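Taking it in order: structure first as C-alpha cells, then the write-up.
Read from first to last, the chains carry the letters A, B and C; within each, the first residue is number 1.
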Amino acid sequence: MTAEVGAPVSLRPATPRWRETLGLLAHNPTAAVSALLLLALVLVAIFDETLAPQGPNEVDVAARLESPSGAHPFGTDDLGRDILSRVVLGTGVSLRVGFLAVGIALLIGTGIGLLAGFYGRWIDDALMRLMDMLFAFPAVLLAIAVLAVRGTGWGNTALAIGIVYIPVFARVTRASVLGVREEVYVRASRSVGASDWRLLTRHVLPNAAPPIIVQTSISLAFAVLAEAALSFLGLGTQPPDPSWGLMLAEGRGFIDLAWWLAFFPGMAIFLTVLCFNLLGDGLRDVLDPKQRTLMAGGGR
Amino acid sequence: MTAPVLEVEDLRVRLRTPRGPADVVNGLSYRVGAGETVAVVGESGSGKSVSVLALLGLLPAGIATVTGRALLQGEDLLTMAPERLRQVRGPGAGMVFQDPMTSLNPVLTIGRQIVEGIRAHGDVDKAAARRRAAELLGEVGLPDPVGALDRYPHELSGGMRQRVVIAIALSNSPALLVADEATTALDVTVQAQIIDLVEKLQAERGTGVVWITHDLGVVAGIADRVLVMYGGRCVEDGTVDDVLENPVHPYTRGLLGALPDLARPAVGGVVPDLATVPGVPPAPTDLPAGCVFWPRCPVRGDARCETEQPPLAVIGSADVRLPHRAATWCTDRTSGTESPAGGFR
Amino acid sequence: MSGDVLVSARGLEVHFPVGGRGFRRKPAGLLRAVDGVDLDIHRGETLGLVGESGCGKSTLGNALLRLVPTTGGTLTFDGTDLTGLEGRRLKELRRRAGMVFQDPFASLDPRRTVAQTVGEPLEVHGLRTGKRARADRVAELLELVGLDPGVAGRYPHEFSGGQRQRVGIARALAGEPDFLVCDEAIASLDVSVQAQVLNLLRRLQRQLGLTLLFISHDLSAVRHISDRIAVMYLGRIVEVGPARAVGTDPQMPYTQALLSAVPLPHPKLERERKRIVLTGDVPSPAAVPSGCRFRTRCPYAFEPCDDVDPALQSVGAPGQQAACHLHGVVGAPAAAPEGVTATP
C-alpha cells in the first residue's frame, strides 16, 4: 500500500487478529506449553531420520529385549530393534494420519455444517439426518469397511478416521452457524446486497470458526488415538513399519517380561493426546469473545 | 423532615479491571426520606447503577472495593455481615432491574417465586403466603392474579413480568425500593402504567424510592429530588423543579438541550438542530484531573477547571432543607451548550 | 414538498407461520406482523414511523427493502414493482436503499475493520474499483459521518456506541442510496449521543437529498426529525399526516394515548398532565381482534368497532388521515375471513 501524504487511510487493521490471538495464547501457560510440545513433535516428525539413532528395522539379535540403558534409552524389543528409534519414526505416521484425517473431516464436515446451518429448512433436515446415520454407525465397523474396500496403508487409515469424524464437525459447525446467521451484521451485510457466498465466506464462517478450531485440536487427539487403536487391531499401519499403536500391540505379549515395549509408545500417545486436548481448552478460552474484549480492550 | 430511610455518605467504589483500577463512584452522598423519590440520572458509565449495586452488596467481592457509609434505617449496609444483608434485602430494600427476566427464574412458576420471597423473611404457612401472593399480583394490576400464580414468566408480556418483579420487590413491604432503569425496556403506555403503580403504592406505604434512569422525562414525572451523575460524581442535585427548570451545571444543561422536546414547538416551522454535548464521557480508569466534565465543557474558562474538582456548592434556593447544589466553577448561568452548528468528532 | 412518491405500499402483508415443527411443517397459526399497510413515502421527505414493540414497524421497514418476504399486497420503489424482484435488479435495489440498524454493537462484524465494513457495498456493487479509489471513498464516507478517516483500520470494539452507529450510517450510504431506513437507530444510544446522531441524520438528509424512513418508539425523537409521521398499531397504519398535526392534534385515540404517555422533562407540565392510561396489553399479532384492531383497549369503542375494519380517512389537517370510526364509519365489514389467499 502506498503511504502518501494527504490520504493516510490504511485498509489494513492496526493489529492483525491472529497476532492478537497468539498474544493471548501466550498468556495461557498450559496452552502455551502444549503448543510448544506439539511444535516439537512436528519437528521430530519432520527430522525423524536424522533424530533416530538407528533405522526402524535394524535388527540386533544380540541385544533382544534389553531394558533401557545408555545405548538404548528406551530399551529394545524382541527382535532387538531400538525402541527410541521406532517411537521417533512412528511420530510421523501418527501425526500424518491425524492431520490428514482431521483435514478430511474438517473440510467436508464444516462444509456440510455451514450449508445446513445457513440455509436451514429441508437442506438442514436432509444433511443432518445423513450425519445422524453416519454418526450412529459403529465407528470401528465403518473404518473396517473402508479399509476392507480400499486396503490398508496410512492414507486409507486417515480416510477411514476422517469419515468417522465428519458428523462431529458438521454438528459443531452447524450449531455455531445457527447462532451467527441471526447476527445483525449478517443481515446488515445482506442489506447492502452481499451474496450468499460472500455472507458465508466473509461473515458467517470467520465468526463461527472458534468452536471449529477448538474441535479441530480435540479431534486431532482422538485421531491420533484412533490410528493407534486401528493399528493395535492390525487394521492400520502394517508391520514392520513403526507406529505407536502397532508397537503397543506388539509389546502387549511381553508386558510382564519387558514393560518398556509398551510403555514408551504408550507415553508418546498419552502426551500427544494430552497436548492436543489442553491446546483445545486453551483455544476455547482465548477465542471466547467475552474474554477477548476484556483482555484486548486496552490495546488502542 | 422524618428520619431518612436511606442515608448515603461519601460512597466510593473502585473496581479492579485488566486496564487498572477504575474509580466508578467517587464520593456520593444523598438521603432518601420516607415516601420520597430520589432520581439518580446519568448516562452509561456515569456510575449510577454501580452505586446502588454497591449499596446492596451486589458487586463481586474480589473485584470491587466499596467505602463510605450507607445507612438503611440506621444500619450500615456496607459493614453488615452477609447473612444480615440477605435478611435486609427483602423487608428492607426491594429491587427492580431493567430486564425482568434477570430477576425471575424461568423454570419456576410466578406464584412459587413470590411465595418463596414471602416465606424467606417471615414465618408464614404456604397457603397464607399464596393468598398474599395473589393479593400482591392484584395490587400491581395483573389481570387474573390467582391464575397468574401458576404461570411461568415466559407466558407473560414484558410489562406484566415487570409488574411481577415489582410485586416480589414489594412482597415484604420494604422501606426502600430501588428501581434501576425499571421502565426503560417498556413501551411508553406500559411505562405510564408502571409509574402510576409505583407512585400509588409509594403513597400507600411510605416507601422511599431510588429511581435510576437516563430518561429526564420520567424523572420529571416521578421524582421529588434529582441527582445528576457524571464521571462517578454528583454534579448537580436539588428538587426536580430546580434541576430541570433551572439547571446550573453545564452537563445538566447539555443533557436537557440534547433532548428532542415534544413540548417545545418549532419556531416558524423550522425545527432547530439539537444542542449536543461534544465528545464522550471519560473512562473510569482514566478520569481527568480537575473538574470531571472539563474536557467536554463548552463554557470552561476558569483557571481552576483543569486542576481542581469543584465542590458541590449551594446555589440560589432559599429553602435550606431542599438545597440546589452544583459542582462547577462556571458562574455564567446564561449560556450552557455548544452551538449545534459546530461539528465534532 | 413534491408529490413525487418514491416508495409505495398498498395492502402490504407480511405474515409468518408460527408453530408446527417436524417434517410436514404445517403451521399452527399465522402471525400478522404487517397486515394491510397502505403507505406512500415521498421523495426527499423524512417519514417517522412510530408504534410500540411488536406493532410490526420494524418488519415493515425490512419488508420495504425486501429483507423479509412479503406475503400479500403491492410494493413499488421508484415505480418498479418490488414483489418478486430477483437477481441483478434486487441487488440494484440494495444499492439504492440502505438500512441503519438499532444496536451498533451487533450490526458491525467484530472481525472486520471499519474500512472493510464501510467498503463492503463498494466491493459488492463494483463501485470505485481499485484499492486507491476505494480507500479514498471510504475516507470520504467516514468524514461525511463525522469520523476521522484515520480510524479506517480499527476494529469495532475500539469504538463507542455513537461512533459505531456512525460507521453503520457510513456503510448504508456507501452505495449512494436514495432511500434510507433507520430502524430504531438511536434507541441504544445515550441521550447526548442520540442528539448527535439525530443531528447527523438531519444534516445527511438535507445534504444528500435522501428519503428517510425513521422508525422509532420514541415519539419525541420522531416528532423532531420527521416531516410526516405514521403511527402503527398491530400491523396496520392507523394514523398518518404532517408531523405537527399528528404531534399536536392526533385524530386517532391510540395516537392520543401514545402522545399523552410520553414523559416530558418539565416537572410542572408533568404534574398537571392528564394521561390517557390504556388498559391491558397489546393483543398478539397472531390473534388480531375483528373489526377495529384497537377496540380492545380503546376508551371510546362503540358498536361498529366490533365488526367494521376501519380504513384510513382524511380528517383534521390537510394530509392527515386516521383509521377510526369516530370520524364516520368507513371500512370493510369483517364478514368473510380475508387474506386467505396469500400470494408467495
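The rule we apply is simple: a contact is a pair of C-beta atoms (placed from the backbone, for glycine too) under 8 Å apart; a residue touches a chain by one contact, two chains touch by 3 or more.
Note that this is a predicted model, so its numbers are computed, not measured.
Novice: Most C-beta contact pairs, which chains?
Specialist: Chain pair with the maximum contact count: B-C.
Novice: If I average the CA coordinates per chain, which chain comes out farthest from subunit A?
Specialist: B
Novice: Using CA atom averages as chain centres, what separation in Å is found between subunit B and subunit C?
Specialist: Measuring from centre to centre gives 31 Å for this pair.
Novice: Need the CA-centroid distance for the pair subunit A / subunit B, whole Å please.
Specialist: 52
Novice: Any idea how many Å lie between the Cα centroids of subunit A and subunit C?
Specialist: Taking the mean C-alpha position of each chain, the two centres sit 49 Å apart.
Novice: Mind pulling the residue numbers of subunit C that touch at least two other chains?
Specialist: Where subunit C is concerned, no single residue meets two or more other chains.
Novice: In subunit A, which residues are in touch with two or more of the other chains?
Specialist: 297
Novice: Within the complex, which stretch of subunit C touches subunit A?
Specialist: Contacts found on subunit C: 23, 65, 67, 91, 94-95, 98-99, 101-103, 106-113, 115-116, 119-121, 124-125, 131-132, 134-136, 138-139, 149-150, 152-155, 157-158, 168, 171-172, 174-175.
Novice: Going by the contact rule set out above, which residues of subunit C touch subunit B in the complex?
Specialist: By the definition above, subunit C touches subunit B via 52-53, 146-148, 160-162, 190-196, 198-199, 202-203, 217-221, 223-225, 244, 247-248, 257-271, 275, 277-278, 280-282.
Novice: In their complex, what parts of subunit B are in touch with subunit C?
Specialist: Interface residues on subunit B, with respect to subunit C: 43-44, 143, 157-160, 187-193, 195-196, 214-221, 223, 240-241, 244-245, 254-263, 265-266, 271, 273-277, 280, 340, 343-345.
Novice: Mind listing the subunit A positions that touch subunit C in their complex?
Specialist: Against subunit C, subunit A makes touches at 1-2, 7-14, 17, 125, 183-185, 187-195, 198, 202-203, 206-207, 289, 293, 296-297, 300.
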